[in-house]
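Two complexes come next, and they have one chain in common, chain A, joined by chain B in the first and chain C in the second.
== the complex of A and B ==
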């Protein structure tokens, strides 16, 4: 149900990995003299920096620059850590109007999610369910988590969701679902309520 | 100047020749409170569509969805032009765009017919959906 920063992690790890490999390769080439031959860089095992470094780092602007760079890297790192927190990222209000000049039609996606949950909860074997809508009213994205008991026919539940629940949501929104995800959990809990029984029998007192 | 939240409908006629009348050629004014327009809009939504409102509860707490209840409506008047906001509940899985578009048309037409106010916009917020049964999604043991 919750989204993690998988894409962000892959992107930044790829960028950092490529940078580290490139720097490492450059250092190796420099160390064995290949870079000196190719690009006329400094000779291997010779001192590149000459002079007094203490005097250089004693200048106030160098310390300030280092501090700023450090803070920037620290903030970026912190943002990356914060991005690791799983988020639901629910959609904002769905806009269901075609012509805004006549008025707006708004629907909170949680209203639709609740309707979907109510429908799924009536399926045989379903203990509880949670629905989450993302995307827009024109391109809705539904994520479902359904908990069934251990006696439930999971294939039947999936079939009923695919042939009844999802088409009905698409019918209500009048657009096909862009994506739908279904997570099934099995629980040992029993259903807390019974089943509707249409009885026509005789009651004997 | 009308009191805030009211709309004055001028009734034209021959009028009296008395000096008390401020406007020559009029018999007076019918002042329509904004609440009247709101209630008419809510009643039209309730009677002429499948939309519902909330019933029961105390001071808005504990109210339950009820398709037979009058939806909550509010109006913003600017002269003879009204913008309505309606909060409704609807049947699921009815096509919501079609249903709300039809509801908007009905409200605008009927409120204009009944009050003479020009309804320019009707904002609709769907606050709940029901399958039409009394079930809360759980099975019932009978």
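== the complex of A and C ==
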């Protein structure tokens, strides 16, 4: 149901990985003299820092530059950490009619989601459900998470959702759903009521 | 760093690499905070913090072929390769697709549809099915997209065909659930007095 930052993570990990490998490889090539031979860089026995570091760091613009770089790196790191929080990203209000001359009709998608959940919760074998609407009123996008007990007829639950719940939602919105995602979960608690009869005692013939 | 609009993503997906991303993000944040603190200290006091003197002297004396340079270069290559592996190794899917049967003419008014069951749910289903088989004392199950393995303990001294009955029953349950493809089912049976 909740969305994570998979693509973002892969992209930035790849970029940083390539950069760090390139820096490391360049350092090793410079250390063993290969880079000096190929590109005529500094000799391996020379000092890494050629100038006077004390004089360099004494210049006022160095601190200002470091401050800006620090802020950029820190903000990027913070944004990346925040992006790891899984988010629902629900839809805003659906604008069912947006013609100003005839009046506006707004619909809170959570109202529809609650109605969908209530209907699904009445299906046999369903313990609980969560519905989330995204997209727009013209292209609604429904994500469902349905938790069933371990004896439920999963195909029957799916069939009932597809032939009853989804058409009713589409009717209410007067458009077919753009996309529907249904995640079936099974409760970890063993179902021990309803159809199980525990026999105790002694039967005497 | 926005992620998605208000569209849903696939329910069946690979790992999001949150742990390496979180580690690298926190390291970047720490580096940024350290740089800002050092710069502000310099701007306010007019001199760099004394803890910078050690690294500054070390850097001034460092040569390109110093063992420390080799170590830093090697460490950078290793860290970079680890980051690349984290990004490029795809990892397993979190769920298995379910094929809905019997919808027929009553196809739902949906343009694109996805129905899945999480691997954890598949494991719960397999475990519960095992618990219903005569002779099974306790059962536990693990599931991936390609394989379901159940560990069963039994009261029976000689389990006989119990393992076959368990795998058949679990496979039948997964088939009737509509998993596509149906994972391979394996079982380990141990006798307990």
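Throughout what follows, the second predicted complex is superposed on the first by the 151 of 205 C-alpha atoms of A that agree within 3 Å, B and C clash if a C-alpha of one lies under 4 Å from a C-alpha of the other, contacts with A are read in each partner's own complex, and residues count from 1 in each chain.
We take it that a residue touches a chain if its C-beta (ideal position, glycine included) is under 8 Å from a C-beta of that chain, and two chains touch if they have at least 3 such contacts.
The structure presented is a predicted model; accordingly, all values stated were derived computationally and were not measured.
J.: If you count the residues of chain A that each partner touches, which comes out higher, chain B or chain C?
T.: C
J.: Considering only touches as defined above, state whether A:84 meets chain B (first), chain C (second), both or neither.
T.: After superposition on chain A, A:84 lies in contact with chain C alone.
J.: What is the contact status of A:110 with respect to chain B (first) and chain C (second): first, second, both, or neither?
T.: neither
J.: After lining up the shared chain so the two structures overlap, which partner does A:102 touch, if you call chain B first and chain C second: first, second, both or neither?
T.: first
J.: Using the superposition described at the top, list the residues of chain A that contact chain B and also contact chain C.
T.: Residues 191 of chain A touch both chain B and chain C.
J.: Would you tell me which residues of chain A are touching chain C in their complex?
T.: 3-14, 16-28, 30-33, 42-49, 53-54, 57, 63-64, 66-67, 69-84, 87, 89-92, 132, 134-136, 141, 143, 150-151, 154-155, 158-159, 162-163, 166-167, 170, 176-188, 190-191
J.: If we count contacts the way the header does, which residues on chain A are in touch with chain B in the complex?
T.: Chain A reaches chain B through residues 96-98, 101-108, 111-112, 114-115, 117-119, 121-122, 168-169, 171-174, 191-197, 199.
J.: Where on chain B does chain A make contact in their complex?
T.: 83-84, 92-98, 100-101, 104, 108, 121-131, 135-142
J.: Which bits of chain C are touching chain A when the two form their complex?
T.: Going by the criterion above, the answer is residues 1, 3-11, 13-18, 20-22, 24-40, 42-43, 48, 52, 56, 59-66, 69-70, 72-84, 86-88, 95, 98, 100-103, 106-118, 120-122, 124-125, 127-129, 131, 176-178.
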